[in-house]
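Labels for the chains are A, B, C and D, by order of writing; each one numbers its residues from 1.
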């Protein structure tokens, strides 16, 4: 059986630290034996005690320190224990790391990745369950990625650092304990491949990758949920749904995402975030601009309710995006025209 | 100015009034039950117990009035139970059952009731409490805002922004630092340079360190501090050297055996049991049984409801 | 001649402080004789020395203190000297002030306004010229407003505080020294009125408010620029453009904005922000969803270039939205179908 | 540990080497010219001059090597000119003309050249510099990261987060505090509780306060500090009690006449002129003329260009 996402991430970090002696990893409680709140950093500090450091509780300061390492020509990865706390590092990300790549009148490489354990469904409550991607969409110089069960994290992280631009990597907490997909196989019905010039977009299809009634685009955190919805749609509703999961959310890789959407003429974008200024709305705008005329229906977005995320599981479910919400959206889009 | 109350553990702890002992034991058994329930998979999410630190809010209880604001943190069950005689409401909140203080929306870490508030972002409450203290100073002199915070939380810049404004503006803000020598998995020595006393003094704020874990001793050390905060309308930092006997949250404790033994050796519970076996055993039994009954009762309740009108 | 925007704001604050003895105003250098970096708070501290306070440099802390005052049942207004620095208060806004309205299982009023002098065109450089509205779009519990020359700020501020929810008020710095419009008159050609249930949307039209070739929606900071573009379009290109300027950006007042857009069938939304996750993209999404079929072209967005904002005036111009960009967008949308 | 060098203004300032005097005067006339140009509407945007504070970077100049990182702030022209003999590049940057250090993109507040960086958000550079210092400690021992910051900037929490990590990790981070008694319009007493010395010590960081405005005295006080930071790989806070003789930025100065007079009375410029009239007059004339020529030259240049490839 394929490795779990948390193992893939952990191995990716091992490999990156081994490959690049200039890479430092910082975060709260990341050293052994604890190895991070979600155990992503296990074993790293034992091998590289000087380059893997537990820090005080200082999210802004840690990202600043990492920015300094990057400014000095090194690479840095920061773990924010819960992505909700990246709010405390907003200034360092917006006004230092991202701006420094350009505001001195020339390109300055800033090799910095901020890892953000993200999302709900674990009963951690309103300040430990958010999906803050949208707050960072469209910051010049900053890229956004999301972990998925289709994308090898060593490739993703190495690619992010290689751009010389800072980036955030969102990691849906529910994903950690699930398994990576491997060898192009999702299950007995669905196959996947990685498409686009950087093999950045995972495409999950049944039978024929060139044919679908609807395209469902989701970030990595919703990938498994999207696949299970696609399966149900196929089996219960006879709707062929192709799922696209980009690793890089921003900048949007429109050239790779648009052709399948154009072919189907119908698209649903689902995110766990609340609505308003989201990555999905931005993608919708690109689709409307560029595929006007080819679309059979407006882009349909699926979000969590406009609400704080309650702690109790039975309440959390009433707020966060459920499979049924995505299912319904696809059905409506497909039957709507 | 820092003063230190360095009572070395006396041969015997002070004998407590029943009401204090009951409260200590209520908190102890409440927390133990939570860990049990987590262990049995009956609880969802996360929680942070205050095992070993129960005496802090118990010592403070009679020193506070309903008009004071209390800002708790992630490790807040003891703070809540010392303020409200309401284990049912708190457990229902943690379990998401009917009668939950916050309808199960906040859970263990996010509670608001009257003038008591906790939230999950470390350090964030310090400036908020300073704002509340500014209001109290102007509108309700003699009242104060108390913030509980851990040693690790002194890593956050927000704490210093709050201290600075509180000192400049003479605000009745009391920071109660539960210095348990660790933040999640990181020892204080690895996350806090200098000292908490120094950090208070740096802002011209008085500081008192209390090493005793004896409820009565702590209370008598803190009495004059709270009086001073009220009367002079001035911030104050109280640092309690305390001991986290349990894990950080559910089962995450990687401390070495000697570190755990050190914490255990300072636990008021065993020491009190030994000193006053008779009083202890009776009350311990009673509180254990009471909590067991609370657990049974709340477990039997239906899920909490969150009305549309309450959704903000 | 009508008063300047800065005077209107200043008078609004005078009135609010006079009306509400529970209102406190906090910010860096807000007291007399300095009266704030942009002089918006002039005279306030002389009248209310205890309720108008200069603070240390502590953006996060100040918003926290204001949140505490609000929690205690009072009202608070914070001035952030340059809106770029509101990044330092992101946690207090996202995780405390906004969440506290709902995360305790019941409504908690938080009467808090954070005033943010915003935008470029003054040569202040990359960290003093941004338009950070988009980072705050779609935070449950938070509302976003923008100062315009059409909306009286006393009404706006009083309305924001009355909602019992925290809000940000963006104030385009270029607007401060320009004049308010009054009495429904823009110039010899254009008239305006305030429409919608809260009279929240300023509608600027020529001849007939029910008729336009295109609707141009802009936040207050671009209002004067939009009007001058509309004028030029009319005189040079014979295009009738109606301008809509909502005071409240978020939540979007769709019921008021959509009917005129539906009538024209063509809409341009212009913002000074860079593209990506903006208010405009969100508005576009609402329009595409709700007016699909009534639109003659996809919603056209106009943004500043994907870039830091350079300091030198001649470079700043190459990056920030210019009248010509808006002009071109409207012409393209109108001639495109 | 805080030490204070409280040289009361000696009857005569130390006679300086020509190179130091020239640099002081270059900065002075550079700043005066900027204010002039703003007054005449020839400059756009904003700027903050270091009038009265020129001696700080001049004193530090020979104590720094090219391998050290310097983090400047909004009031950074003197810092830049003491590091790079380049008034043309700086003026071109402020004016947006050809030859600008950062092509006119950064302007007065945002400059990067080699190991020199300034930016416009107060306090933000402190953790960044700590990160650089971490790199230097590991890869280039003996080098340091210096951060200039004002007294008002000690309001920002970022400063404490940086100090804490620098102290915990033993980083060669030197904070040079130009305490000019004011932040924009707010006197230090209204924005800073306690003391800067106390704040350093609170984190176990050494602190030196220097009250002299005499370049030579300041330099000899700072020499051992920088040696110590390099040799022991340890943070240090140096606080210079200094005097802002000009406005905060262009013309915004609401200080009372006595406050202005006090600042002026501490201005090294007049005192040096009086003590060494002959040396002073010749060099003053020369630098004034030089800056005038720089202004003429740069004013004559075409606008800066920002190539597509340089846009990040």
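The rule is short, and it goes like this: a residue touches a chain if its C-beta (ideal position, glycine included) is under 8 Å from a C-beta of that chain, and two chains touch if they have at least 3 such contacts.
Values in this document were obtained by computation on a predicted structure and should not be read as measured data.
With respect to chain A, maximal separation of chain centres occurs for D (centres as means of Cα atoms). Per-chain Cα centroids separate chain A from chain D by 43 Å.
For the pair chain C and chain D, the distance between C-alpha centroids works out to 37 Å. Touching of two or more other chains is recorded for residues 100, 103-106, 110, 119, 121, 154-158, 161, 164, 168, 190-192, 306, 311-312 of chain B. For chain A, the set of residues that touch two or more other chains comprises 55-56, 58, 60-61, 84-85, 88, 91, 95, 99, 102-103, 105, 125-127, 140-141, 307-308, 310.
Taken pairwise by the contact criterion, the protein chains are fully connected, each one touching every other. Interface of chain D with chain A (complex): residues 69, 100-106, 110-112, 117, 119, 121, 124, 126-136, 138, 145, 157-158, 161-162, 164-165, 168-169, 306, 309-312. Listed in rising order, the residues of chain B touching chain A in the complex are 44-46, 95-96, 100, 103-110, 119-123, 152-157, 183-186, 190-192, 252, 254, 303-304, 306, 311-312.
Across the interface of their complex, chain B is touched by residues 28-29, 31, 33-34, 37, 54-58, 60-61, 84-85, 88, 122-128, 307-308, 310-315, 318 of chain A. Per the touch definition, chain B reaches chain D in the complex via residues 154-161, 163-164, 167-168, 190-195, 198-199, 201-205. Looking at the complex, you find that chain C touches chain A at residues 60, 84-85, 87-88, 90-91, 94-95, 99, 102-103, 105, 125-127, 132, 134-141, 250-251, 273-279, 281-282, 284-285, 288-289, 292, 297-301, 306-308, 310.
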